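By letter and in written order, the chains are A, B, C and D; residue numbering begins at 1 in each of them.
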Amino acid sequence: MEKYQKIIEDVYLEVKNMPQSGKVANYIPELAFVDPENFGINITTIDKESFGVGDFDKKFSVQSITKILSLTLAYKFEGVKIWDRVDVEPSGNPFNSLLQLEADLGKPRNPFINAGAIVICDVLVSHLKNPKEDFLDFCKEISNIPTLQYNEKVAQSEKASGYRNVALCNFIKSFGNIKNDVDVVLDFYFYMCSLEMTCKELSKIFLFLTIDNFTTQKGERVITESQTKRINAIMLTCGFYDESGEFAFRVGLPGKSGVGGGIVAILPDKYCIAVWSPKLNVKGNSYKGMLFLEKFTSKTTSSIF
Amino acid sequence: MEKYQKIIEDVYLEVKNMPQSGKVANYIPELAFVDPENFGINITTIDKESFGVGDFDKKFSVQSITKILSLTLAYKFEGVKIWDRVDVEPSGNPFNSLLQLEADLGKPRNPFINAGAIVICDVLVSHLKNPKEDFLDFCKEISNIPTLQYNEKVAQSEKASGYRNVALCNFIKSFGNIKNDVDVVLDFYFYMCSLEMTCKELSKIFLFLTIDNFTTQKGERVITESQTKRINAIMLTCGFYDESGEFAFRVGLPGKSGVGGGIVAILPDKYCIAVWSPKLNVKGNSYKGMLFLEKFTSKTTSSIF
Amino acid sequence: MEKYQKIIEDVYLEVKNMPQSGKVANYIPELAFVDPENFGINITTIDKESFGVGDFDKKFSVQSITKILSLTLAYKFEGVKIWDRVDVEPSGNPFNSLLQLEADLGKPRNPFINAGAIVICDVLVSHLKNPKEDFLDFCKEISNIPTLQYNEKVAQSEKASGYRNVALCNFIKSFGNIKNDVDVVLDFYFYMCSLEMTCKELSKIFLFLTIDNFTTQKGERVITESQTKRINAIMLTCGFYDESGEFAFRVGLPGKSGVGGGIVAILPDKYCIAVWSPKLNVKGNSYKGMLFLEKFTSKTTSSIF
Amino acid sequence: MEKYQKIIEDVYLEVKNMPQSGKVANYIPELAFVDPENFGINITTIDKESFGVGDFDKKFSVQSITKILSLTLAYKFEGVKIWDRVDVEPSGNPFNSLLQLEADLGKPRNPFINAGAIVICDVLVSHLKNPKEDFLDFCKEISNIPTLQYNEKVAQSEKASGYRNVALCNFIKSFGNIKNDVDVVLDFYFYMCSLEMTCKELSKIFLFLTIDNFTTQKGERVITESQTKRINAIMLTCGFYDESGEFAFRVGLPGKSGVGGGIVAILPDKYCIAVWSPKLNVKGNSYKGMLFLEKFTSKTTSSIF
């Protein structure tokens, strides 16, 4: 397995020296301060061996990547009923489109577009006593990383500028698909997105989607095997906004990106990999992150297909 | 001119006895309590003669009809600059569509769809010290009706259920086309829409769009003649949501409807007419109101065409 | 009435010397050969006095302006039944949008967008033995201009490049709203659009929409007074694609434009005016034509509002 | 491997006795004559063992399933250049939507929606001397089934009623993304869709996507391994119109459906399975086909995730 160290280092160097394209997300003001030169990769195998290169041990804002975690917890609570509130189809439209939501009468296309993630937050608010604390505890438990934290500054920054998400949440509420108070749901949503992790931590927290019989430190299953496969399927078809087809095509693994420049991807029964490079392409996905994963999976002939 | 009394009475009776179609607006809970059998008409000529029939002297919630008044005041303040903030094109879509706003990058199609009226409210909030009071004063002055009032209950009712409008306002703000605080703008918007008038009052307050050299009690012009014509033009092309073409086609006059069931229409240099019947057709316009006006304008061969 | 000669000359000179904006239509290859400097105006009063300036006596391709004539003839044949096939609402979308047609299940928004005009052609094909000849005869009769002709070259040029219109016609047929053979309908459509007239002729042929009791040379009415008003209403709300609101707002008259650079406008009971300047703005309407009419109606305070 | 025979028989019986939902495709008149009770399954393993049940040996119209084959041949000819003509993103819209094509300026979202498949046909027309014959030869070669045939009646039936596809093709040509004559391209398209196969044949012809080093009878590779994986990826994200996410979620395999009621699915390195049941759900995919595959993959815990 030590081949992974060599390969990620080789591909890291190759991609590091390629010209940067894209730009750092600036619609959350606080994110604009991140050094665009950051570039880190970490891979964790199902044997829990971990290999990193570059800035793999630096914290960054994982943003939409946490949507996998909130979906997992909501799915655990609700089972199949969750799909009455949100669909599992690729959106074919930019990530914060209101258009489609209108046509679909307030049922978001999937849990990874903002609209869907907000509905998932609403579901969690209905189930959790202290949504922010309880969700963080869930993340700590499944990752066995007790130091996970939200970034207060990022949460506040997004809150102060997140008019589009306020619009989305009120719009969905007008269709009756938000049950709790809009402010409470959005407060949770903004905090959830502000979770900070390193590549190393990211590639560890998603092992539960990689390993068939994964159990937490306490010996508990997170979700069933069938639920695991279904989340992987949604990641493949919907994990990259309107570039999901492209990622499946070029990389061939289920994955999820965040506007902080992070991407995680999973080869079932093999490994989980996390990449971080803040500059985003026009579709909102990490430019070098996608490039790295394309080259890495080609080199290792990793693909679910 | 007394012919008008006879004609409105005749057409009133004819339409009153026709079967009611449509239903009372219920998305503002308070409006759902209105008796659907109300039916009133009032016409005021440029000589200020007034003729009424039925419930012409009962107050009702004029709702979107006030959007003509807010536009007038904003146009007076800003002149042509106002059209940088809002367009003058028919929308071709339902009145609260977010879809088109997305395509148009936050510039509403016209000042009469909700999105446009909210932007106009934002403009007024920038100009007025006490928006609600000052706007009411403006309405009193141009109508010479000192008793005009908002309906507190209706305003609160819409506020409590107006998620779609909160969504719209935040969405537009995300494009930078709302300058003031969203809550302040919407509070003003909901109050503005809750203005109550009778048909008699409505047909009086819009004389300023009917009479070329109209001056208020204080001897002041409201807006210029050219501005007057332009507001009439917008009423004709945009006054009835996605049924504006139909109204122009069947009635042939500039007009504006509200979800309270009121309609005003103007024959320049002749009269202003107001009709009220609460049941709305599927496009959100008063069913009997449109029917009355079609028959009335046919009978009087009133048409701007 | 001779004041008109002076005014159109003054405004002509003023606008002629202003910088040209926009560009000549090039999607019909043959139209691209027209000299962009052509600029003509003609006004014909209800007393049939005619005043022209510039290139008012040169033939050009009137294109969409003929859609008023085909609508008139179809309305004459079908009466109100025509509105089962085509609506009377502004489209709010570019003139050849398939999007809206899809949402509306094959019923075009109005008879002036391409989709609607093609349906009208289909109606005429059902009624006329020799559509092209019979329609031309109708035009000759109402205008009393026996020399009217199609431009074969333009018709063939559009036919050879009109994939979008072939798409539209087949698309509508898939919804069942085209009854005849697609090729026959489109052949008629392309010829109809290729009709050539001068400004002088244009301002004469539309007198039947201007004069209340208009009769042809043979002493026959074209359509009823009520039908006339309704066509004027559709021109006002739908005559300029997605710039109809703007034209109503700036010019204040019912009118219709064509991609050949022509515009006709009507002041009921007063006059019909035709302008020609080939360069089109981004919405597909004659740049100087709109400018001229705005200045002309301001100067003469002509407006239906 | 013989377990497969037992499992498909068990699931066949279970699903056969469930109530039929959906209806047989009727927009191609000829397809409406098919007996809705047909139900067949066939699985072929990478060892070329074949197991069938029910109507697995009856010919039916594979329709859109051939789009995998035409894409394969075009990809073989053009390599990566093919993606300049067609994208690889899920459409998020019904399978014959013109709306999205308009927004995307004539570049279809993916090669499996009708628009994309028509562009692929255009590419093949540019490469093949006798498109229909040459394509059939390609199909015969990779499947080693020399008896494959088009169904003339089905091809003619679709041709006579395929206005929507004529519209699509002309619309794309108006953007310049069809290079050949519209009639030639569509003739090929209609024939290609009329190809007839049995479940047994279908599960055999797609072995080239299942087996890593697949070679034809002549010992030739069809496409490279990397190209194979990419076609599988597109099948997963785009194979079921706007129900692709649902199929990935419920079945977890790359697959493709046709309106004839057939579905093929692939478990890389294991097997190819084909199901046929003519009644379609509202999204246009075989109702019992999807049901069967969901139960079958659950029972065998087959999934790429």
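Definition applied: a residue touches a chain if its C-beta (ideal position, glycine included) is under 8 Å from a C-beta of that chain, and two chains touch if they have at least 3 such contacts.
The chain lineup, named per UniProt: A, B, C, D = Glutaminase.
Just so we're clear, the structure is a prediction, and the values are computed from it rather than from any experiment.
S.K.: Work out which chains are contact partners of both subunit A and subunit D.
M.R.: Chains in contact with subunit A as well as subunit D: not a single one.
S.K.: What's the distance between the Cα centroids of subunit A and subunit B, rounded to whole Å?
M.R.: 47
S.K.: Go ahead and note the Å separation of the Cα centroids belonging to subunit B and subunit D.
M.R.: 55
S.K.: How many angstrom lie between the centres of subunit B and subunit C, each centre taken as the mean Cα position?
M.R.: 32
S.K.: Give me the residue numbers in subunit D that touch at least two other chains, ranges are fine.
M.R.: Where subunit D is concerned, no single residue meets two or more other chains.
S.K.: Okay, what are all the chain pairs that touch?
M.R.: A-B, A-D, B-C, C-D
S.K.: Under the stated contact criterion, what part of subunit D meets subunit A in this complex?
M.R.: 87-93, 100, 109-110, 226, 228-230, 232-234, 236-238, 242-246, 248-249, 252, 254, 268, 298, 301, 303-305
S.K.: Looking at the complex, which residues from subunit C come into contact with subunit D?
M.R.: Touch residues, subunit C against subunit D: 97-99, 102, 163-164, 166-171, 173-174, 182.
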